[in-house]
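By written order: A, B and C. Residues from 1 in each chain.
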Amino acid sequence: MSAREKYVPVIGIECHVELKTATKMFCGCPNEFGGEPNTKVCPVCLGMPGALPVPNAAAIEHMIAAGLAFGADIPAFSKFDRKNYFYPDMPKDYQISQYDMPLTQGGEVRYWLDDGTIKSCRLTRIHLEEDTGKSTHAGSGDGRIAGSAYSLIDFNRAGVPLMECVSEPEIHSAQDAVAYLEALRRTLLALGVSDVKMEEGSLRCDANVSVRLADAKELGTKTEIKNMNSFRSVGRAIESEIERQIALLESGGRVVQETRGWDEANGVSVSMRSKEEAHDYRYFPDPDLVPLEISREDVERIRGTLGELPWQRYERYTAEYGIGPKPATQLLDNLSLARYFDRIVAISANPQQSANFVLGDLSRLANENGIAIADSKVSPEHLAELIALVEAKTINSKIAKELLARMWEGAGSPKALVEGEGLAQTSDPAAIEGFVDDVLAANPGVVADYRAGKTNVGGFLVGQVMKASRGKADPALVNALLARKLQG
Amino acid sequence: MAGMVELLGAQIARGVNAREVSAREVAEAFLARAVAVDGRVGAYLTLLAERAREAAARVDARVAAGEQLPLAGVPVAVKDNMCLEGTRTTCGSRILEGWIAPYTATAVARLIEAGAVPIGKTNLDEFAMGSSCENSALGVTRNPYDLERVPGGSSGGSAAAVAAREAAIGLGSDTGGSIREPGAFCNLVGFKPTYGRVSRYGLIAFASSLDQIGPLTRSVEDAALAYDVMSGFDPMDATSIDRPVEPAATGLRTDIGGLRIGLVRQFDTQGLGEEIDEAYDRAYHDLQALGAELVDVTLPTADYGLATYYLIAPAECSSNLARFDGVRYGLRVDGADVREMYDRTRAAGFGPEVKRRILIGTYALSSGYYDAYYVRAQKARTLIARDFDAAFAQCDLIACPAASSPAFRFNAKSDPYSMYLMDYYTIPMSLAGLPALSVPCGWVTPDGGSAPMPLGLQLCAPLFGERLLLGAAHAYERLTRHADAHKPALGEVAPT
Amino acid sequence: MSSEKIDVRYVAELARIALTDEEVDRFGEQLGDLLAHVNALAELDTNAVPATAQVIESRNVTREDSVRPGLEREVVLAQAPSRQGAFFRVPRIIAE
């Protein structure tokens, strides 16, 4: 047994997700990424003396929607608390957050792996809080906090609504952790409650990692890994940390509880441990805000807006339609594509064939032309017609491809084209035999070559027969007849 | 126009609306008065002469255009913990010295919209923490009735300004008695509305769940006028109450016949001194003589008010004052790193009383003490509020002293706790969020002084009982006229 | 309720206020006195009593998600004790 196999990794993921609203959590400043520093600010989000917070109703609804999507309970009563600590990019030197009565309780994220395995991870908590401003560390050359001479602060982000989402430590591989994050991201995107972009910081995540011997009951000492800037780097960082901890334990060392920063360029994590000061956040109910009472009517109204969730769609595509995990995921990761697909399936009887067309030829055309499929001239109804023509063997795949290209240009109904231009596949053996005989007669040299053993020229002859039939001959019949006559 | 500064707010508004006098003339008279006497009184930290003239000119233009404004041309002194755009706002603290407010507090904006003219920003105990104005880092304010005595606090500057006729109406804030006590000390009506009735937006917070803005005036009618203008829901303050306000200034009652007024039995044992006890007994007797029925009530938990207050208010203040960190505004004392900059800035910027309260509040919220101190205080707060509920089942209003003594001499209360005791009678109402006011109820000549000093009677009503409260106070004021017995010891001022 | 002495130095660190030794002694004594008064609350039976955070029972005071004008950057930065270009500037941050 290798060292790796003796241990079970235990991983918990903590995410901060900026909610997509027009304005910040407690004031009317715009909630937008970027912009000139310190231009999206007001007395409230700058923590000016005398300014007071008033909660954004839309952010509260987003939280409830997210909670419901994760199957969490929405308690009837919730409140905001202050988390007190000093930091220069936190304007009031306390953060308005939720401590013991968050808007949602419990819940789980259902995720799946490439091989189709479906798993779920329970949530320890989801709560609503406000984001901080952004510090830029200067004077050290590399932009890091360590060794910097001073810091510059932009408060544009201060006060943006932020959802904190903490998973239970019940993820057991880097691969699962990434799949968990992908499912979380998909869900929030589908709900429209966040852009969930790691590159813009609207999703930020840290991982708590520990390992324990496979038969051990107790958890090992955990470390917290920060500074991952993509899902890929989350996977790499966790894998690297698992390896590091196992190597440490195998060589007789012990894991120290600490925070480590992931260095993507060098593929290693570095201890960020400085003087360990116990935090004493002095949470207490924010006296500037009044409690929230969430009516059951509101909960049901919001539940009614959720629509089909990504994991539900995934189960429908795979279990009901028999589409593979990868194409199913590809479809549902593009919501407008998935909706387009669903409209085809609603008309056409063959979801797998539909998926092939949508993800294959149609996606290629869309990519080549830089137009989203949903915005193209190919309507789901016409594509369903095309699929039905192929299904019924009225046209072969070559004609189908040609027709699709013309439909992309706006040619309209494929059925009308087939009827109008006589493109229906020829499956009449007598007619095809005529084409075959003509081709054999016109190419005696090739026929001789074939009969002399150069059977690779058969493809040429098939092509000639198809051409003679203007592509309409049933390729299977052509092959069969040619083979018989060449051998005869 | 020497007599102009003697006018009450309601009289000024009537005159300006009738175009018998211009807002500009009124402003000039009060500015001249401030220039003449404020060197001795020290009510103002900032005199807003130009701004007042501009505001008065706008009022005159509006009146000329046919508008009738409830506070047309009424000069207002604003406590310097309320923001007024473009003016320095200090909270009486070094940590905010030089800070220019970039926006205006809702209550101040509503007064100005109603025709009031801001004359200046007034001194206060630093961050409104104190009962004498002695905790201001920026200046000394004296009681206009005896310059050797304090004006009370924390709204001492606004109280002194109105008492000295440097403004017609003063704006104060009351967390545990900071309007009512200086009102009593300066022979004024000091009125704290129900918590949440007046928006706190732009009031620099001391203790958010207790702070409330209210007027200091020379008549109950003026207090009612200011209240009517300032009160009501403000979308910028989530704790302001979204419930219609019953206007109080029109139809103020002129008698208290049939009202049941509760006297708090255990308060009698406080023993304020013979002369003072007698004065309050006379006040209660007057209430009875005017037709009120006196009933005994008990507030068994009220004795725990101080203990409760000195956990809740400091806990909230420790968090509210964290933002004064030298990063975005105000004082900064540099350091080798951010942490040292914080430590030094806050050490240099806050005075001892503010530090004491931040420390006790930080302690009360800290890990291991939260339940024993903060939560227990919140529960005691519930009990105190329930006591009032029970008492108001037996009476319409409660009457008691507004402060533990009349205005005292400077440096008389060097021990912090003896200062805290000044608010023994006002804190329970604050904890319960109740509307309460002090109204002049007599004069005493305390501790060997030569000048008679005013006493204040505190009246308290159930939540949202402002109209009844102001009405009863108005009737009492009309029938007793205690305020008129003496004038401030400033002498006559040369006419302008 | 605790009767132990306040660790003034620790509390002052949490509150980010530098204290002199003299202040530590003086505040320690004054806060100890105040706590002695405050400890009277232990006499109250509060076991079954709910805590009051807000004295007026309002609920769900929120605002519409619509943009309001903010402050001009120059107005904001003019107040800064130290600025660099469009940013507020602070001394180096030591990670904690």
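Note that in this section contacts are C-beta pairs under 8 Å (C-beta built on N, C-alpha and C of every residue); 3 or more make two chains touch, one makes a residue touch a chain.
Just so you know, these numbers come straight off a predicted model, no measurement behind them.
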| item | value |
| --- | --- |
| Pair with more cross-chain C-beta pairs in contact, given B-C and A-B | B-C |
| Chain centroid nearest the full-protein CA centroid | C |
| Approximate Å spacing (C-alpha centroids) for the pair subunit A, subunit C | 42 |
| Centre-of-Cα separation between subunit C and subunit B, whole angstrom | 23 |
| Centre-of-Cα separation between subunit B and subunit A, whole angstrom | 58 |
| Per-residue multi-chain contacts in subunit C, two or more chains | 14, 16, 53-54, 58, 61-63, 71, 76, 88, 90-94 |
| Multi-partner residues of subunit B (at least 2 other chains) | 99, 102-103, 209, 235, 238-239, 318, 322, 325, 327-329, 338-339, 342, 362, 366 |
| For subunit A, residues that touch 2 or more chains besides their own | 43, 46, 54-55, 86, 88, 151, 153, 155, 280, 282, 287, 289-290 |
| Residues on subunit A engaged by subunit B in the complex (per definition of touch) | 43, 46-55, 82, 84, 86, 88, 91-94, 151, 153, 155, 280, 282-284, 287-290 |
| Subunit C - residues contacting subunit A, complex | 14, 16, 53-54, 58-71, 73, 76-77, 84-96 |
| List of subunit A residues in touch with subunit C within their complex | 21-23, 27-30, 36-43, 45-46, 54-60, 79, 86-88, 135-137, 139, 145-146, 148-155, 272, 274-275, 277, 280, 282, 285, 287, 289-293 |
| Subunit A-touching residues of subunit B, taken from the complex the two chains share | 81-83, 89, 91, 96, 99, 101-103, 105, 200-205, 207-209, 235-239, 315-316, 318-319, 322-325, 327-329, 338-339, 342, 362, 365-367, 370, 374 |
| List of subunit C residues in touch with subunit B within their complex | 1-2, 6, 8, 11-12, 14-19, 23, 27, 30-31, 33-35, 37-44, 46, 49-56, 58, 61-63, 71, 75-76, 78-82, 88, 90-94 |
